[in-house]
Each structure stands twice: as C-alpha cells, then as structure tokens.
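Dropping the structures in below, format is structure tokens.
One chain, chain A, links the two complexes that follow: it is found with chain B in the first and with chain C in the second.
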Partner chain A sequence: MATPRPSSSDDDAFNIVATYRRVLAEDPDLTMPVAAIESLIVGLANTPSTTVSETLDLVSKLTAQLKSGISNPISLSAGTDLFQQYLISNLQRARGDFDQARNHLVQNGRLFVERAKAARETIAGFGKHFVRDGNTVLTNGGSRVVGALLRNAAESSNGSGRGSIRFRVIYVVSHSTTGNSVEESETAANIAALRERDIPVAEIPPTAIAYCMDMVTSCFVGAEGVVENGGIVNRLGTYQMASLAKAARKPFYVVSESHKFVRLYPLGQYDLGIEQNIVDFRTAKGSERGKKEAASDEGVADMEGEGVRSGSGSCTPGDEVDYTPPRLISGIITEGGVLLPSAVSEELIKIWF
Partner chain B sequence: MVGQTPSLTTFLKSLKQNDIETSIELFISLLKRRQIKNSRPCAIATTHLLLRVVAEPKRKWDAQKLIDRVGHVGRRLVAAQPREMAVGNIVRRVLGVIREVAERDEDSLTDSEFSGSASPITGEFKQRPGLPTRFSEFSPLHGAAAMPHNMHSGRPGTADSMNVEFGGTPQRPGLMSSNASYAGQGPSGTSLFSILQHPQGRSPLATPPTGTQSPAMGPSPSRRTTGGEANEKLDIKAEVIDGIKELQDELDVVDSQIAESALDHIHSNEIVLTHTSSQTVQKFLLTAARKRKFTLFHAEAYPNNHEATHATILNGAQGEEEDSDERWKPLTSLGITVILIPDSAVFALMSRINKVILAPHAVLANGSLLAAAGASTIALAAKTHHVPVVVLSGVYKLSPVYPFDTDELIEYGDPSKVVPFEEAEFMNKVDIVNPLYDWVDCDLVDLYITNLGGHAPSYLYRIVADHYRLEDVDLNAKQDVAVKKG
Partner chain C sequence: MSEQGQPTEHAKAAEEPKVSPAELKKRAKAEKQARRAAQKEQEGATGEVPPAANGAHQDYTAQKQSGQQDQKGKGPQAKGQPQPKPSKQGGQESKQERAGPSTQSMPVRGKAAPTAPSKEQPKKDNTVVELLSHLYPVQRRPNLIGVSKDVHPAVLALGLQISTYEICGSSARCVAMLLAFKEAIQAYTTPRDTSLPRHLVSHHLSPQIDYLRSCRPLAESMGNAIRWLKKLIVELDPDKPEHEAKDLLCEEIDRFVHERITVTDQAIASSARNQIRNGSAVLTYAKSAIVEKTILQAHEQGTRFRVIVVDSRPLLEGKRLATSLMRAGLEVQYVPFSGLAHVMKDATLVLLGAHSMLSNGRLQSRVGTASVALRAHKTDVPVIVCCESVKFSGKVALDSIVLNEIAPPEELLLSSPAQPAVHPTAVTTATGKEVSEDDEPAAKLKSLHDWSSIANLRLLNPVYDITPAEYIRMVICEYGSVPPSSVPVVHRLANEGM
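== the complex of A and B ==
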C-alpha cells in the first residue's frame, strides 16, 4: 500500500514469506500451494496496481521472493504457478474488466481455500471404493488427505456412524530425534481418529515396511507435489515404500488434490532443484559439503530478500523429500477421479499452453 | 418370437411391436438370463432400446428430462447385469450425446444460465462443462481439420512397442472425420483452475485464452457439420436420435476399422497366437490373410468357448447377425496354417510365438482388461517371453470404470461345463468353479488397437475422457443424490 511500484522496496511494505508462514500456521488444514495462493492474494491486495502487466510483474516478483525464501518451494510453486497462469489467462482477456477481475481475486481468497478443502473432501469420498473388507492398508502418515480418505472409508456406511468396512491400517511412523512436531502430532491425530472409529491401526518404523509388505493389500500416500511425468515429490521414505510395494506387486496409490500438480520434470532424486543435506560425506576434518557450500552459496545469499531461509539452503531434518518415479505409481486419486500418472502432464498442459 | 429361443435378433424384432416399458423389461430379463450376453450384442441391444426410449412418440423432451429418463433406464439395465459393461458404456455415451446437444443448444441461445446438466456433485462441477479444454480440441479423436493426422501415429509407446506405422495409411484422415467414433464434446475432466474459477455461473473470464485457435473453432459447431442450425433452437429429440444412430453405425463398422490396421501388425511368416472365437480378431486376421501368409496358434478356450472356437476354425467366423448361418471364410481357406492348441499348452509354445492377439470382454479406464478365462495365462506367458500382446477392442468396450476390486468383476459360469452333472460323485466331493473372465493387468498389454487406431495402455484414459462425461462416469452416484432428494 505504501509503494505503488512493486520494484525496489516493496519488501518493506509487504513480506510475502512472512505472510506465507503466517497463513500456513493459522490454518493447519491448509496445503502449501493454497497457502501460497493466499499469500499472493494478500500481496495483491496490499499493493495497488492498475495495469495487467504491472499485476503480473508484481505476482512474479512476489513468487520469486517466496520461492527463494522457503527451503523447499516445490509444493508451493504448484500454487504460485497455478495462480500466475490463471492471472495470465484471465487478466489478458478481460481488457475492460481489469478491476473487476482483480477484485474478484482479492475478495475471494477465502473461497479458494474452501474449494481446496472441498476438493479434499471429494477425494476422501473415493475412500470407500479403494478400501474393502479385510484389506490392510499401508500409509506413511503426515498427509491430511490420506487421513481424510481413510477416515471416510472407516465411516462409510449407511449413516450409522460406525463404519461397515472392516479394514486395518499400518502407519509408518518415523520418530525422528530432531522431531517435526507438527507432522508427528498430525500423524498421531490421524491414528487416534482411526482407532476412535474402531479401525485397528499398527504403527511401524520405516525399517519394517518390507517386513509388513506381504500382509498389505494396498498403499496410500499423500504428495507435496505431483510432477509433470506423474511422479511425486513427498516426504523422505516414500520412494522406498513405493519400490517395496512394486517389488511385492501391491498397488501404490497417491492421494493428492489436483492443485498440487507442479510443472517440474525431475530426472532423478538429485534433480529436484532443492538443496537437501541428506547424504553428508564426512572425513575427520568435517563435512565435505560444508566446504563446497561456503564457496558457491555466496552469490545466492544476496538475492534472497532476508535471511528467512531455514539453515543455509538445506532443508531442516524431517522436511526432506524424495522423488517417486511414475512407474511405481498405480494411480493418482484426485478430486476429479483416479488418474494414471500419464494423465498429469495433460492437466498441466491444459493450464500452461 | 414364438418357438424361438430369445436372443438379440428376437429382441430387436420385438422392439417394433412392444411398447417401451415392455421392451425395457424384456431386455432386463434377457440380460439377467444371459440370453443376450457379450459386449457387442449388449451394446447393440442397448443402442436400439435407448433409441426407442428417446424416440418415444408424443413425448417432448427437454434436456434435463431426457437425461433423467435415459439415466433411469440405464441404471436399471446396468443393475440387471453389471458385469456387461458395454451396456453401461452405451448408456454413458448416449447421456454424453444428450449433454452435448443441450450445451450446443445453450451456446446458440446466448449465455443463458447453464442448466442443462445441473451436476449434483458440487458447485464447481457445474461450470466445468462450459470450460472448453483446449487440449481435447487438439486431440486426434476430434478429427478437427486443423489437426495434422500424423500426430495420431506419433504415440511413442505405440510405435516403440510394435513398430507400427500408421502415418502412411492414406485413408486415415477421412476416416477420422467421418465415422471414426462418435465422441461427445471433449469433456473437461478436471481443470486445475477449478479452485480459482469465478464463482458465479459462467463468466467470460473463466475461459482460457485463445491461443492458436480462434474462438470460432470452439467445441460447438465444428464437430458435426450439420450446417446453419446453430442459431435456431435445436430439436433435442432429433439431434439425440441422430447421435444414437451414429453410435449404431460405429458399432457396425468397428471391426472393419480395427481390421484396417491388420497389415501394420501382422507380417509375413509370423506366428500369431489368439484365443476364443472373437469376431473382431477373425476379421483382423482375415484382412491380414488376404495379403500375407502367417501361422496362427489358436487356443481353444475350454470349457466356455471351445465349441465356437472349433467352429470358427473349421467353418469360419459367424457373420454380423448372431443367428444367421452366414459365415465368413475360414482362415484355412486363405492358406493360413491354423493350429488348435489347448489352453494348457500356451506357455510351452509361447517361445515360438511372435505376437499375441487378444479380444477383451471389457477394457477398463486404467488400461487393464477383462477377457475370456485363459487370457491372463496367455498375457503372463507372453510377458515372460517378451512377446508383444496386442488387444483389439472397439471403443464401445472401453469402460470408464476403475477396477477398484478386480475380483468382483469376474463372472462365474456354469460349473457343469467343467465337470458334467452325470458325475454326481465328483460333484459331491469337490468344489468346481468356472470363471468366465480373467482380469489382465495393464502392464501385460503392449498395445491396444481400437477403431481409432493404436494406443498405449497408458493413453486409454484420454480416450475414456473423450468419450464419457465426468458426470456420467458414476451412474449410481446420481441415484444416491436423487434418493436423498426424494
């Protein structure tokens, strides 16, 4: 509001990274892409702009700031990309109606959130199709939408409250010493909710996945981002679970809202464009990585608006992700139905081209 | 129909005399008694019945009423025999036709509020039909003039697995545009924009930008070139009847269209393995046999289809009409060596086989298929020996159903075919099952050939999306809503 030009000093007026964190913290049910859209809308509202290109410029600036301010921007970039493409496709068409279009966006931030949550509910509604009597389901927790899907399956009955589907759940729980408390409490809440509904839940450490695999009928995981080739980026350990499921010929389903589709084409684990300090080679003199970073990271550090980054460019423990290639995925359950991994690129093509 | 076993032919004859409700009941009982069975007869009977339903005299339909009516009839048919997926497929196709006609109608009547297919699911779904998916305009299935037909052959998976080259087939473009497959207007499926869309109705803002395509190329007028009707109120009934007739035409020509690619797949001196007495496969092989010599191993599909298989090998496949005695020439008369083998010999022979050709009972949305029992053995053996598996299937067999539980898709038949009832002692001591179908996973199939051309299994979702509306995929979901409302 202070600076009409989103050029040099809008950091002072509006801090997108802080807004993003605040939005995410305020509503634990919010996914990262939606939080990113929310923050961009707040940014748009705070910074008056009168022309289309000015708005687009502002949004791309804010997006760049946000991405550089967050250690793992894959998931949120799904939201920012979606928003940017939406703006481009709408604002440019709405020649006379620029103000109306802009106002629509600014005023309906809440509505987007509601829709995103409705999408999750829709997905959860598919649960009863996937989970059958006598099934044993393996999941790696932490995902709200998987939790919702399983809860829905547990409840699905003729409205009597107690579910009619008898199934069991194996939750992979990693009790990391460094502890990502938000994630862990979420997992605990999911497990408690299922047990509350008379669904037997077992908690196993990630090392026991292979041991359990023979009794599992299907696996469900969430995703931080669904990438262009139909693979997913998700919490560390997902790739390994998918590999084991494939080896045991068990279906491996990804449960994800379609706003998590992100235009990224990773060729492998180390091609995600984020720095992760997972493999840390050390000698008696210390970490090899430390030396390299000191040399290369200086230039990058200047570009970041402020030092909001957690750590020096690497993810905090508990936040690491891996990439699961599409060949391991049986299907992606979205609010529009069950997609094959190969259908993801088409959805992305629809909005980008 | 006195003195005749009820069948597809008698049913089609009786359609003209009976009133609609009687016909529906008759079809339901025929389905239940399995006197009409298998995909093609079911599909044909369904189109004829729905044609009668739509053409009901003295009824004036508006779109919504027609959708309700067809949906209601469709649900009864599907409930009668849920495993005959062709019935459900045809019902969905017809619903898609109605929706398309309704939308075209609305398009021509300016932008009045969209009510044609008030989807019960959520508010945002309501807008989706209005959102033209630009991709599907480019899709080869639409056969739009702007589309270079080479794109169709360029599916990497297809070409790699089978060395197919369609591109050169000169008649293909014509085919695509005239009578390829009657797909409804590209259903939008899910748009990623859905959470951002304008909340009130269809906003002019809510359409993607016009890029290379001009707005005039939009979904409505380009597809069916009936001409200057776009400006007047359409006669829904007539339009839908036309649509259903196109569907019937498609069912008539589907085998010939599939057979057109035979020469691309069957090469000289190849050894081909097939299974059951499928008309589609026979036609395909006959077309190839006119030009090329190959050897055919024919697994006999005991105990459910072996008699028909033997008859096919000996006397040729039965013609189009189920009951007529007219038969096509047997392959042997064209100089093809046909070797009949029991199903149990499949694995042993697989190492000598160059190509496996299967005919499915139904193809599911994720690329897996249901076929006569024994198909899974063949597909697994082929996988083990790295022999390509080609599945010949009309689009009408392609179902949007996702195989949540494969066990419940399998139908079990008469156990006395395995062990006859005379052997009562045997019957008392053991359980005898006779599964009619096998489920074959999608990664065992290398190529699907439909009347639209060849597709990798991973591409089938696209064809499903082009032929069925999202709203119609779950026919019963609507019923739930209706029950709740009522």
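== the complex of A and C ==
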C-alpha cells in the first residue's frame, strides 16, 4: 500500500489506544463500542486521507491497533465492526466527491455517538414495562443501562419523582479488594439514586443469589457484548446468575443497546478469543499457566482474522467476563424493541449483507 | 376417465385467452395430475378398500366423487398461487402431497388392497410401508426405456450416475446437473415462431429435469439451482441472438457453480476449520464433502486432532471419508453406528454435512444424523453443521415422514443371498417400529432376500432424517456462522433475493 508519507508519520503520532482510554474516561456515560467509534473518528479526522481505499485501510489499521492494545476487545469490536461496515457501504456509494463524503462521515459519526447515548433512555422506556408493582428485581452492578431502566421505572407514572410503581431491587455487589473502582462507584451511585426514589434496595454478595432467587420475580442484566447466537458476554458471574434464574424459572432479561451486537459466535466459555486468568492451577512450585501456554496457544477464536490478544496481557481482576448462552435468556431489551435471542443474528445479517 | 377429462377442458377453454408460458406449464401440470389421479382411480376402482389404518374409511366413496371434482377445481387454481415447492421436489410425490390425503394418496393405497384385503396382490402390498407411501417414487427408473427423446445424452448419463450413487451428495449432484444442462443448452435450437426465453424452459429443460427426477428425487440444492436458472432464462432479452443467449447462460452457470459452490465451500471450510482446536476429537457421520475439506484444511494448518468417523449401512459412505483422511495422515477412528454412544464420550466437536437446512432451523441429512445429533446434545458436545446457502430451503418439516426419499429396499440386503435366514426383527424401520415376521414355521426357511413374499414384513430404506434445531449449536454457511434460527433469513437473502 503506497500511502503518502505525511499520513503514515501522522499515524505514528496518533495513539488510538490512548485516545480510546481518554474518551472513555472523559465521559462516564459512554459505552465501549461508542468510545471505540469516537476514537476512530478522531483518528480519521486527524489523519488526512484522500481515497476510499486509503481511508478503509487506515480504519482497519487503527482497529487492529486498538484491539491489540485492549485486553478484552469484545465489546469495542462491536463498535469498530459497525463503523467499518458503515464506512464501506457509505464511502462506496459516494464515489464522486470524496472530501465531502468524508466530512459528512465525520459529522455523522458524532451524530451516531449522540444517538447511542440517547438509546439508553429509549431502552429504559421499553424496559420499564417489565417492572411492575410488587416486583422484586435482581440485577448485578455495573450496568448503566440497567440503572437507567430502574430509575425510569421508579419515576414513571407521576412526575413528582414518587412513582406509583413500588418494587424492590436486589443488587448483587461483589466487594472484592481488587475490584474495579469505577464500576463499584457506579453501582453505589445507582443504588443511592434508587433509594432516593423510595425504592428499597438490598445488596447481596454473589454467593447469596441462589438464596434470594425464590423471592425474585425477574432478573435484569446489562451486557458488554451480545454475540451472534443471542448469548451475551458480560462480567463474571452473569452466567451463574442466568443459570440460577433458569433453574428457578424466573425470566432473565438482557438490557443492551443494539450497537453492542458483535459478530462473534462462541461455543462455550473458553471460546471468546481472549485470555483470562481466572482458573489458575498452582502447585507449591508456582502457577501451571506458564507451562501450558507453550503447549496450546491456538485455542482462540479469530476475530477479523488478526491475532487479537498479542501483547495485551491477561485481563486485570474485576474485568473478567463470562459467556451466557442464549437458552438462558428470556429477552433482549434494545432501543429497537424487545428481541428474542434468536433475532440477534438476523439483525447482524441485516447490518452486514 | 372421459368424465374426468371434461371439467379440465372447460377450465382450459375458460382460461384460453391469456396464455403465458408459465401458465401453459402450470396447466399442463394440472392436467397431468388430473390424468394420473384418474388413472389411479380406475386401477383402484376394481375394488377399493382403504386400509384400516386410514381413519377416513367410511367417507371414502363419498370423497372419491367429490374429491375428484374438487381436485380438478383445485388443480389449476392451486397452481396459480405461489407454491412452496414448484418443481424442485419429486414431481410425483409433491403432487400427491399437495392433493392431500383425501384425494390422491388414497387411490394409491386403494389399489394395494382390494375388497378381499387378503392375498390378491400380496407383492405390491408388501413393498410399501403405508405410513410413507406418499414418498415412494411412482417408479424408480431402472433403465432408459421410455425416456423422452428430448433428453440430452449428457443428462441421460448423469441420470444413471445419480441413480447408482456414483454421483452422490447434494452439492455434487447440483454441480453435475448444471454442467449437464450447459451441454443441453448448447445443443438447443429455438424453433421458428418462438423465442428462446419462452421456449427453452418449458420444452427443452423440463424433459431433462423430469428425467433426472425419475432417476432420483431432486435435492434441495438442485431445486434452488433450477429455480435460479429458470428465472435467468425467462428474464433474457428475447431479441438477443440465440448463440449469444446460450453463451450467456453457460457463462452464468459457470459463475453460479463457482460462486455458490466452489468458492463457498472454500469459505466455509476455512471458517469451520477454526473450530477445530489442538487436541480436539472431531466426530462426523457418514460423508460430507465439505466436512472432509474442513478436516483436511485443519490438518494442513498443523492442528493436532483426531477424527472419529461414524458410519452406517447401507451406503457405508464413511468408509470413503475415513480412507481419504487416513491417506492424508490423520488419526482416524472408524466406528459402526452401534458404537455411537461409546465414542461420543470422547468427542469434543461434531461436524455434520447437510442435505438441506429447513426454514424452521431443522437439518435434513443422511438418515442417522438425528441420532448422532441427539447423542451429542445429551453429552453436551457442540454440533456444527456446514452447509452452503444453496442448500437452504424455504420448506418446513417437523418429522422425517413428510419430506424424505425412499431408496430401493434391496439396498438393505446383504449381498450374499445364501445366508441363513436373517431374523427380520433385526430390521428396524426409521420410525422406530420393529417389523417382525410371522411365526409360521414355513417363513423361517426364507431368507431376508425373499422379503417381498413374506407376509407382514416390510423393508424401509429412507435416505434422510430431520434433526431438531435444538440439537444444532451453529450452522456455518458463506454468510458466516449463524444459529439455526437464522436459516430463513439467509435463505431469503441467498436464494430468493438473487
């Protein structure tokens, strides 16, 4: 690829991973895929490119950089894939005036970010009908969209902030010493907001989920990514909560923006294409992991064909995820409506073909 | 006969003014159907007693009269509305299906057992399993006698190869068919007063298709390809010079084979091979070209894994797969079907090929596949189906009874007729019921080879069965990996949007 010199030197100057982290830190309301899209747009705006293929090349290069720089790129890859697809379909149509098309794209991208944020409110509007009087809702912390949904449900029906809908919430909170502080403060904020609205909230440790399940009427969780078969990838413990909900025959709803739909099809827990240091066998001599890695480092699903976790290192504690298969999920509440897990693949095919 | 002929004539006269080739064809089909029904009716008329199994016993004579009329009324009009399966399925069977149990399938049964249901025609009676009688081909073509003169030699040869399983597997049959059609198209000359787009399909292609169908019911992929080809021909510009049109068609056929099968296979194999990891044990059943390709590619890639090939009679296709994998240097375990439960414990992945993916996400594949998938599901081994989108179907089936193909039951027999009487209880039908022999001592002397003369014994040799969607974890097609619930989406995209 004969890219002009200034562009490639600019490339080196622009650090997509740092931009991504900065964007994410600056706006706590932003989800990972949207942050990825925004940082790609920033990258695109910073780097001059004159042809369609050059732009596409640049985007895929930035995407690869970003994915390799982040330990768990599942969620953000939903955003980058979406952006790439959008670019391909739009740039090829607007063959004539490239500059205009590109500017249009950069602006549209911003619009997309705005819309993605607004989606949360739409979802809350759909989702609040799933919370009724006298319900007890089980959720795990960390999801902003679930927080928005519950707040919306608490406020609905009259404007005074004291809604007629009375329900109770059980929050699963893991007070781990190594936990992600951002997430914990967010959970705390969500709980405080609910309590302020007169909604009784209980906090339980993950070990008590099965104990509580009998009094629960429905479960709501967020998702880092919704995968192609309708399953979800979410923080560790979601799978176990879904299994327990299924065993107790309680509905288990996933609340997620549709830009989190990701083209990944895991068959099981170890099929996510990321390295997680969750199960660590040890003997007196130390961890078994070092030896094992040499033997099998091909146990990875390919995403976009590139090596995903090169140089990424394993996830930090608190960032681990698990995969919840679609058979445990009753419905996925998105801004486009409430979907069955099987509809996810349909939506993805619509985007991609 | 004459009485039946008339209403059709009337219908014809009424419709005469607007004649398009498609309509003509539909009408011809309807007439044929009516004629056939009438014929059957007459054959059966000597004395019909519907089998006891049929609930409609008492109503039968009434239905016979009203049914015929209503069928004729229905015939042309039923054709007018979009059929879910126009011409892709075995014409005879599908027509019988369409007519419903009340009208058409009845005479078939009727002719088997006349008033005295005893041994008037025991032979006929014995060869057909009544539950599946709609699936039996009217006559499986044993030779070339009575073949229409319009059938091109290349198609003739192909028909024989297909009926002897020399060309087997739905993609292979589809490719071979398209290549033969290419020759047939090149040999075609448009008669005067008509144009190629109007004439080719109905007068030149149809005999070829009918002949192929008489050799073996058409596969879903063939149906999709034929539909594509017909659409292509009809949309040709009538003013195009004939040789140009023919060249264009041939080019398009080549492109179709390349895009929808050759490249697709490659894409599926390279996506499926990533599911095979180091240390896996891949279980597969019978033989699928695309599974073979996947396994070979994974092996070339340097993945260390072993393969378990489960096989079953009568075709023993797995043997060929096992041989070719062994030659490539893979570690292969070859197991009979009876060893399925045992080997499933070791398997980490089940890879299956498909005859067709149905719109409710179910898989139609070689008989036995459903048991393999069930076993895998129970053992929690992921089942992955590799299937080109050309095999996706708009049809829906819940069981293996409605859509299936019955192969000659003789295939089930072991080759040596001198064998001491094989106890017939060993023969189990696909529906799970056991056929057992009479206890009379005389029957004991007969071997299974005399099955058609043994009262109360039926042999059933179905070719496909249906695997429920719940057992299938993933379907890999050229559009990527999709859950079985997305089959209709891909089908719309690939086969109807083209």
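Keep this in mind: the second predicted complex is superposed on the first by the 315 of 353 C-alpha atoms of A that agree within 3 Å, B and C clash if a C-alpha of one lies under 4 Å from a C-alpha of the other, contacts with A are read in each partner's own complex, and residues count from 1 in each chain.
Rule of thumb we're sticking to: a residue touches a chain if its C-beta (ideal position, glycine included) is under 8 Å from a C-beta of that chain, and two chains touch if they have at least 3 such contacts.
Computed from a predicted model, the values in this text were never measured in an experiment.
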| item | value |
| --- | --- |
| Partner chain in contact with A:Val338 - chain B first, chain C second, else both or neither | first |
| First (chain B), second (chain C), both or neither touched by A:Val106 | neither |
| Contacts of A:Ala18 with chain B and chain C, given as first, second, both or neither | neither |
| First (chain B), second (chain C), both or neither touched by A:Ile349 | both |
| Contact breadth on chain A, by residue count: chain C or chain B | B |
| First (chain B), second (chain C), both or neither touched by A:Ala189 | neither |
| First, second, both or neither for A:Phe130, with chain B first and chain C second | first |
| Which of chain B and chain C A:Arg263 touches, first, second, both or neither | second |
| First (chain B), second (chain C), both or neither touched by A:Asn229 | second |
| Contact residues common to both interfaces of chain A (with chain B and with chain C) | 342, 346, 349, 353 |
| Complex contacts: residues of chain A adjacent to chain C | 228-230, 263, 265, 267-268, 296, 298-299, 301-302, 326, 342, 345-346, 349, 352-353 |
| List of chain B residues in touch with chain A within their complex | 121-122, 124, 133-135, 189-196, 198-199, 204-209, 211, 365-367, 402, 404-405, 458-459, 461-462, 470, 473 |
| Chain C to chain A touching residues, read off their complex | 274-275, 277-279, 303, 382, 384, 473-474, 479-483, 485-486, 489-490, 493 |
| Chain B partner contacts - residues on chain A that touch it in the complex | 34, 37, 82-83, 85-86, 88-90, 92-94, 97, 101, 104-105, 108, 111-112, 115-116, 118-119, 122, 129-130, 132, 258-259, 261, 330-331, 334-343, 346-351, 353 |
